[in-house]
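Each of the next two complexes has subunit A plus one other chain: subunit B in the first, subunit C in the second.
For the complex of A and B:
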């Protein structure tokens, strides 16, 4: 994505690396990996075992990270676009996931909270939930683009009301689906040893990269984010582009809704995907993307999402006590965000340059 | 400024649209009978009857009137002895919070409606300050009883004093408040510590040689978490063969619980008990066990324990997939009704704190009847 990076011939390899946007997330991952390697090399062990339905599946911390980080990676895609185009974040993601999941279960159960069999094929239910999630995305997008409301305020509406809407869709019932085929999307497809969410995430990532490569979405999003007026003067319609990014966010939300619901075959409106928007925003920030919009690096955001999951798994692995968990995470987050801040990066760049100059002298 | 106002209006509209049920319906109904009687009853004093006279008179008058709906409306009023509804203001937590709260709210809605002689105003919030504002508004409007399930234990003194000054009786349900006992008439609560103790006693009764426990806690600091954790902590400290493999919060969330258990499985440590502080988290834990082909349930490798008695959880017990589920009784409405009835009759309340009857279910003994009766 970093095609337009200017390579100065006299710049050292090191300083170019430091300046690269992927540097921070990769560095964070390396630190975490080395830390785990020293503390317990078994962290990296992957074994083949059987699950209770008799399938051979891969097990181990790394597999768990790829598995559990999938939702975050998918949301990071949407959040990156939303951030780039509108210069703000969508904080209604978790609530929207609850709505999408609720719609999915409503269609699958056909209004019955304990259906004997599925009332509709999963693909139909999923498509309807996509549609609903995209509508809610469009709602957010219209508020932001046409009514010029701050993204965080606009999405606050759905953040507050979303979980109630989700509960209302199912008349406050908690449908439980017993059909095992729903479990494939958040677990394993029989005969495939790799967790399905990882495949779903991989497909989403592949699609967004193809879209960015073969359409002008990336370019248009960035130009709107950098300067709305000049984008307008160049014949773009900033409003439409902003709404599109929120609709794409909605699509990501629906996919995550499917995975989340599939993982436990039911839903809890108040806890499903709770606070996931904060992790998604963090993934974008960790990827070195400016939260004020403009240029973005999709790969870095997605990578950032897996780094966050890596961190979470590491904290679980070391059994950090319940009370202290948020504090540890906060410290790590502060460090990561500070070193990825543009001013600090610039300072780093200057230091390495000076160092080099001195060496030459 | 305008944009913000528009945003807030929209938010308010959406929230209002989602609060469907007895709360909204009641306001409409309370106005309806009087209006109908006024416009349609033939007798000129019918309007007065409907407003003041004993309920059966009003019912008769209304029944003579041609409109059927007027008769229906009037009849629903009849059970109240003197034709006046008892006004109650009910402040509860967000009904979407959990299956427990949904059942709790439904129970209250069914009890406190006009058929039972109540005019109820329901307000929901999971924020203490909002709840306090609701309470003050209700007191200003004038109510006979104020029922509170407080989001937080502190900050209620002022409201309770205002209520006392206004002659409104306060009844606490589900959760206690840090306030002097003289400020409220009764409190109907679950004893979370007892719930934990019952569960731990049951676990001790299983007679395992070693207890290697994965303890998944609820949201830290909540009464349910503290009560259910305390009994287990004490037991682990007291017994040599009881050990916590991990003690971690799952924030009531199935997904988090799954990750905690997954992490223990990945690290290869041995465990034979999962003590999850609610059903959702037990479910998440079981999902992790299934993925690793670790058997669980009656006479299997891992004992699974949950709380709250969701219907689906009790069905897991019935199928032998889980071992134990502790009840957290959400059905407080009948207890509250009893308290109000005796206060109306001018009786003294014998005990201020009424602790609800709560059971623990063992997968070996549970029956379909239990699932139907106690599942929420």
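For the complex of A and C:
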């Protein structure tokens, strides 16, 4: 093995740590954890209890963070790629989850809103919902890549129309699936005490890391995001690559749609995955990735997703109403944006340098 | 401070992560002189200027200015402007989507409110007095690059400066425009303005400068009066060794002879793109070095871009080694063994935030395919090989390319294309804005590659360089091919007269 990184002798450990991309999300997690530890150590308690379907499962705030954060982590994968390649974000994610969930229910119910039994195997329904979500992703992608519409504006269309489309797919009815096997995906598999969404997220994360390792997805999306002209002259097709990232986003959306629908065995078109896109974008930002696109760190985004969920759970723990949540999260956004601003980074760099000089003296 | 000194920089230090860019540099500028600042890539010229203009903060050292007690503190470009230091950078730093007048006055008005009519009429006056072909209300991006550069200079000049810094102002100007600029510089000199002139054109230095300060590797080599420093001496001081490479390269190319019955590597007929050139025919043989020449805007870049399908191709046929091929996008060209180093290094060449390593492997990686990435170990091996081969100055293979100096960035892009092992290499202004040493390196490399059987098309705005390197020149005027010169015709006066339009 060659020495890949030239370590600069005059750089202190502290400043190297501070410059690492994981620094901010880890710091945020530590602050949250310490805060909870002081306020109420019961936050970290994990108990074994019986859930509504009679399984012995793990319970506690940490488990619910793992559970809900997994949805966010899956969406953060797609959002990271979309951000990197197109320099913008997909705000239609929540609405698209509604569509994917609605398609899933439509296939499972076979047009019947109170089916006695499943009209199709869950895997078939899931694959169809994947296909539909990827098509909507491609729609967003084409608007962004070929019509050069700013991503937020392009995805505003589906953001606005998505939930109506979802309701229309089921003729405005709310199919209820009674088959218990659907409940496994958002709940627990009998005999397994850990929530299934965590395993689904783990599979998704494993897949994306394998894809990043064994294909050039990372290199291509970053090249396109950093310098589209140059990418083109190196034989890449920036349009196709951008569309691909939106299609991958669609795939992530379909997976979350399955989890969401499985949790309640039905759907609520106006509240399912509401505002989830903002959390997913926040996860990308918390991971230290530039929202203007280009270089990205996938692990940091995924880790960021769980930290966001940690924050949400902490706020719920302190009885913050769900209406007031966004205001608290806005504070986090402000802090994030300020500390990741180049001027602040430079200032911090100078401070650590001075610190180091004093140490030597 | 002595009376005639307008600016003095003493013992300036500046470091970046992994690089000591300036190490105790002194610089003195007198009233009414044009002072050349010279050095190779990475010598620290640009850094010194950015320290002087407040873009970077210095780590150590003092700056003294005529009329000010003690060292002056410059924390931002605005500070520099206020105390009379104006700059025109190598890359145009104006706002392309604002009007010419807005660009002239941006950041210079005090208070709120703006008299638009007065601003426009003032701008018209300035443009007229400097003979710049633009109008005040015209959007800046509709002007040619050269005109934009002149507007940037006009803006700096208009700000009543004591110190005017010109960082490579002439690299995108043609000869007449350079003459106009020099006239302006002489006027300013006679008014007592101190001008710092950074350039790579030796001819221009000897035409206009009074003194030269030479830097190398972040250190001061010395300050010299122009009469006392012959060119050979200057070059050797810049390179840090006695050598006569400039003359070495002469006479290496042979007269272009078409071997009977040989099939050209590439043959284009009626090739045309949507970039506004007339259809042209072109061919190149194995191991040949030829070039496109013409004035700025004559369409020489557009021609090679059409060959590579960098612009949208609208017609014509291409044969590679006698076989008709379809080249409608860059990837087609790459698959047929064509490589293209673009003219606009920053806009079309580098992928700024990616590392040197990723920038080197990019093109070959795309050719290899989406599902076949090079392993990390292999990537480092390749990067290290080319860093060594082209002596690229970088802290490591993982350094982002944007933090390298211009010449080293260019070498990385060159490495990228050499790694694709092309049959036909197109180099569009590979030596623009880079130092003498690297220029000679690149010229030598081109001739070496050709001797190994590669066909190369070489474009440069320096005719000397073209004559030294190419064995055949395609001459362009007004976006069409007007002639082809080789053998005995390949001399400066013949090329000039062909460009100018013969006897007319």
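As a convention for this text, the second predicted complex is superposed on the first by the 342 of 361 C-alpha atoms of A that agree within 3 Å, B and C clash if a C-alpha of one lies under 4 Å from a C-alpha of the other, contacts with A are read in each partner's own complex, and residues count from 1 in each chain.
Methods note: contacts are C-beta pairs under 8 Å (C-beta built on N, C-alpha and C of every residue); 3 or more make two chains touch, one makes a residue touch a chain.
What you are looking at is a predicted structure, and each value in this text was computed from that prediction instead of being measured.
Enquirer: Overlaying the two complexes on subunit A, which is it for subunit B and subunit C: clash or fit?
Expert: fit
Enquirer: Return first, second, both or neither, reflecting whether A:214 touches subunit B, subunit C, both chains, or no partner chain.
Expert: A:214 contacts subunit C only, not subunit B.
Enquirer: Have a look at where A:156 lands relative to subunit B and subunit C in the superposition and call it first, second, both or neither.
Expert: Once the two structures are laid over each other on A, A:156 reaches subunit B alone.
Enquirer: Check whether A:61 is in contact with subunit B, with subunit C, with both or with neither, and answer first, second, both or neither.
Expert: The first partner, subunit B, only.
Enquirer: Name the contact category of A:42: first (subunit B only), second (subunit C only), both, or neither.
Expert: first
Enquirer: Touching A:295 in the superposition: subunit B (first), subunit C (second), both, neither?
Expert: Once the two structures are laid over each other on A, A:295 reaches subunit C alone.
Enquirer: Have a look at where A:174 lands relative to subunit B and subunit C in the superposition and call it first, second, both or neither.
Expert: After superposition on chain A, A:174 lies in contact with subunit B alone.
Enquirer: So in the superposed three-chain picture, is A:339 touching just subunit B, just subunit C, both, or none of them (first/second/both/neither)?
Expert: neither
Enquirer: Vertex at subunit A, arms to subunit B and subunit C: angle between C-alpha centres to the nearest 10°?
Expert: For this superposed arrangement the angle is about 120 degrees.
Enquirer: Tell me which of subunit B and subunit C touches more residues of subunit A.
Expert: Of the two chains, more subunit A residues are contacted by B.
Enquirer: Could you grab the smallest C-alpha gap between subunit B and subunit C in the overlay, to the nearest Å?
Expert: 16
Enquirer: What residues of subunit A sit close enough to touch subunit C in their complex?
Expert: For subunit A paired with subunit C, touching residues are 1-2, 4-6, 8, 11, 213-217, 219-220, 222-223, 226-227, 229-237, 294-295.
Enquirer: Which of the residues in subunit B come into contact with subunit A in the complex?
Expert: Of all residues in subunit B, those touching subunit A are 3-4, 6-7, 10-11, 14-15, 18-20, 94-99, 102, 106, 217, 220, 246-249, 251-255, 258-260, 262-263, 265-268, 280, 283-284, 287, 289-295, 310, 312.
Enquirer: Would you pull the subunit A residues touching subunit B in the complex into a rising list?
Expert: 40, 42, 49-53, 57, 59-61, 64, 68, 114, 143, 147-149, 153-154, 156-157, 160-161, 163-168, 172-174, 176, 187-188, 260, 263-264, 266, 268-272, 274, 312-313, 316-317, 319, 321-323, 325
Enquirer: In the complex of these two chains, what residues of subunit C are touching subunit A?
Expert: Touching subunit A: residues 17-18, 308, 310, 329-331, 334, 340, 342, 344, 347-354, 358, 362-363, 365-367, 369-371, 373, 377, 380-381, 384, 395-398, 416 of subunit C.
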